[in-house]
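Which chain is which? They are A, B, C and D, in the order written, and residues in each are numbered from 1.
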Amino acid sequence: MTDMAAMLNAYPGTLPKIDEDALVICVQDCLNCAQACTSCADACAADPAAAQLARCAGAVLNCADLATAAARVLSRPTPYDGEVTAATLHALTEACRAAYDECRRHALENEACRICGEACRRCAQACRHLLRSLERA
Amino acid sequence: MTDMAAMLNAYPGTLPKIDEDALVICVQDCLNCAQACTSCADACAADPAAAQLARCAGAVLNCADLATAAARVLSRPTPYDGEVTAATLHALTEACRAAYDECRRHALENEACRICGEACRRCAQACRHLLRSLERA
Amino acid sequence: MTDMAAMLNAYPGTLPKIDEDALVICVQDCLNCAQACTSCADACAADPAAAQLARCAGAVLNCADLATAAARVLSRPTPYDGEVTAATLHALTEACRAAYDECRRHALENEACRICGEACRRCAQACRHLLRSLERA
Amino acid sequence: MTDMAAMLNAYPGTLPKIDEDALVICVQDCLNCAQACTSCADACAADPAAAQLARCAGAVLNCADLATAAARVLSRPTPYDGEVTAATLHALTEACRAAYDECRRHALENEACRICGEACRRCAQACRHLLRSLERA
């Protein structure tokens, strides 16, 4: 899907002890979640019921910003610091949870919220899976 | 690959007259390019020859920032403005060109630069393709 | 206001031939514009008339993303490339123009739009001033 | 310094119970920290001793990305969620700590690292101050 796995293989230094498959999947789910959340906030604004979707639009924008930051932090083996990675994944997990809860409330009437909520749920799961592999390392 | 096509389908308003396949491909190439450039800058820093890779590290970071911004602008049909979209695609095309030129100079010794240069080239191509479809609209 | 001027002074390489005062002012106006646009999109969503503010919310989010990218590109002397800088400033100028036009339409009823429109106008002016100094160099 | 305080005053909804002065200062320190970190990574790459500054360059780029995301999350009262705000501030505090530790190791020889380390220390302090005010609310 992305070149992330190839970029990891090409890294000239020593990679941190981290589950590489979980890392690649998490970066890809972060990128997809950031994109879906950006689209969803725009769809919420364009909805005739925009005034009822204000919290949802804001929650997915927060999630897009933290997912973008997380994808970048996870793409840098050189300054790897377990505490920074864990706290970044935790912040994104909270943002995904808040965005998912808002999206789910509107999913029946709003297809954009349904798809985006699913992207947030999947991203949170990938973050939690990677977090557990960090804790075992 | 991403949920971008599904998000476009779910958009509650009227989509701008734009080649939707070219749009989806461009967003995906932007996300991949941003990720590859972020990894490449980190790989350049970790290279024993880092001092020779300074311009390359900076060029790919510029490209990552403009690709991230472009993916977001392209994900918002609601405020669509042809001049903003065209200028954003043009800025990213220039950043891809500069990053590709630097990466290509190091591609033989540095596998990360080879992969990243290819991601930049593909992203620039997707931007140019989308730009041409805007001009015909 | 920010440490940008001190960071330029501390740069270990040779700075590109560029008006340094215009550069520092432009980076600060980009950061302020990005912040004001982010707040403004949130205020638009929270407005009872949110459905009428959809284009405005999207235009300021585009402007926030391009202003953030521009502040970063302008903060990197090492990979300086006049074409990349000019195209980045041009894209942000277009986004500021689109955001200003939307904000101005709502400025009488909506104080957030009034302040944000002013921030966009000032940022566009700083970009144009820096662009002209590049062309003279 | 920025329009953040004016934007808060103009907010059309009900602001969350949060220390507004601490919020405004924190957003401004985030923006300055993100800018200083972006400049510092570029200065590290341009240093003849770039190969020794690899971890520092990466740590400040992580910090720039998390500070940018935090400034945006803190600029949105509408979707306010105490857990998301606290986790975002915690992630940035960790990134500031890691960046400060790296910058401090190079501060004697490298003026960019000295200034940037100070910006990170101040930003971490503003985050901790805001975090404590959230816990009291």
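Everything below uses one rule, namely that a contact is a pair of C-beta atoms (placed from the backbone, for glycine too) under 8 Å apart; a residue touches a chain by one contact, two chains touch by 3 or more.
Keep in mind it's a predicted model, so treat the numbers as computed, not measured.
Q: What's the chain with its C-alpha centre farthest out from chain B?
A: Centre of mass proxy via C-alpha means gives D as farthest from chain B.
Q: Centroid from C-alpha atoms only, then distance chain B to chain C, rounded to Å. What do you get?
A: Chain centroid spacing, chain B to chain C, equals 20 Å.
Q: Hey, how far is the Cα centre of chain B from the one of chain D, in Å?
A: Chain centres of chain B and chain D, defined by C-alpha means, are spaced 26 Å apart.
Q: Of all residues in chain C, which are in touch with two or more distinct other chains?
A: Residue numbers touching two or more other chains: 13, 42, 45-48, 54, 57-58, 61, 68, 72, 76, 78-79.
Q: Pick one for the touching-chains graph, please: line, ring, star, complete, other.
A: complete
Q: Inside the complex, what are the residues of chain D that reach chain A?
A: The contact residues of chain D facing chain A are 13, 54-59, 61-62, 65-66, 68-69, 72-73, 76, 78-79, 81, 83-84, 87-88, 90-91, 93-95, 97-98, 102.
Q: Looking at the complex, which residues from chain B come into contact with chain D?
A: 41-42, 44-51, 53-54, 57-58, 61
Q: Quick check on the complex: what are the chain A residues that touch chain B?
A: Interface residues on the chain A side: 1-4, 6-13, 27, 31-32, 34-36, 38-40, 42-43, 45-48, 64, 68, 71-72, 75-79, 110-112, 114-116, 118-119.
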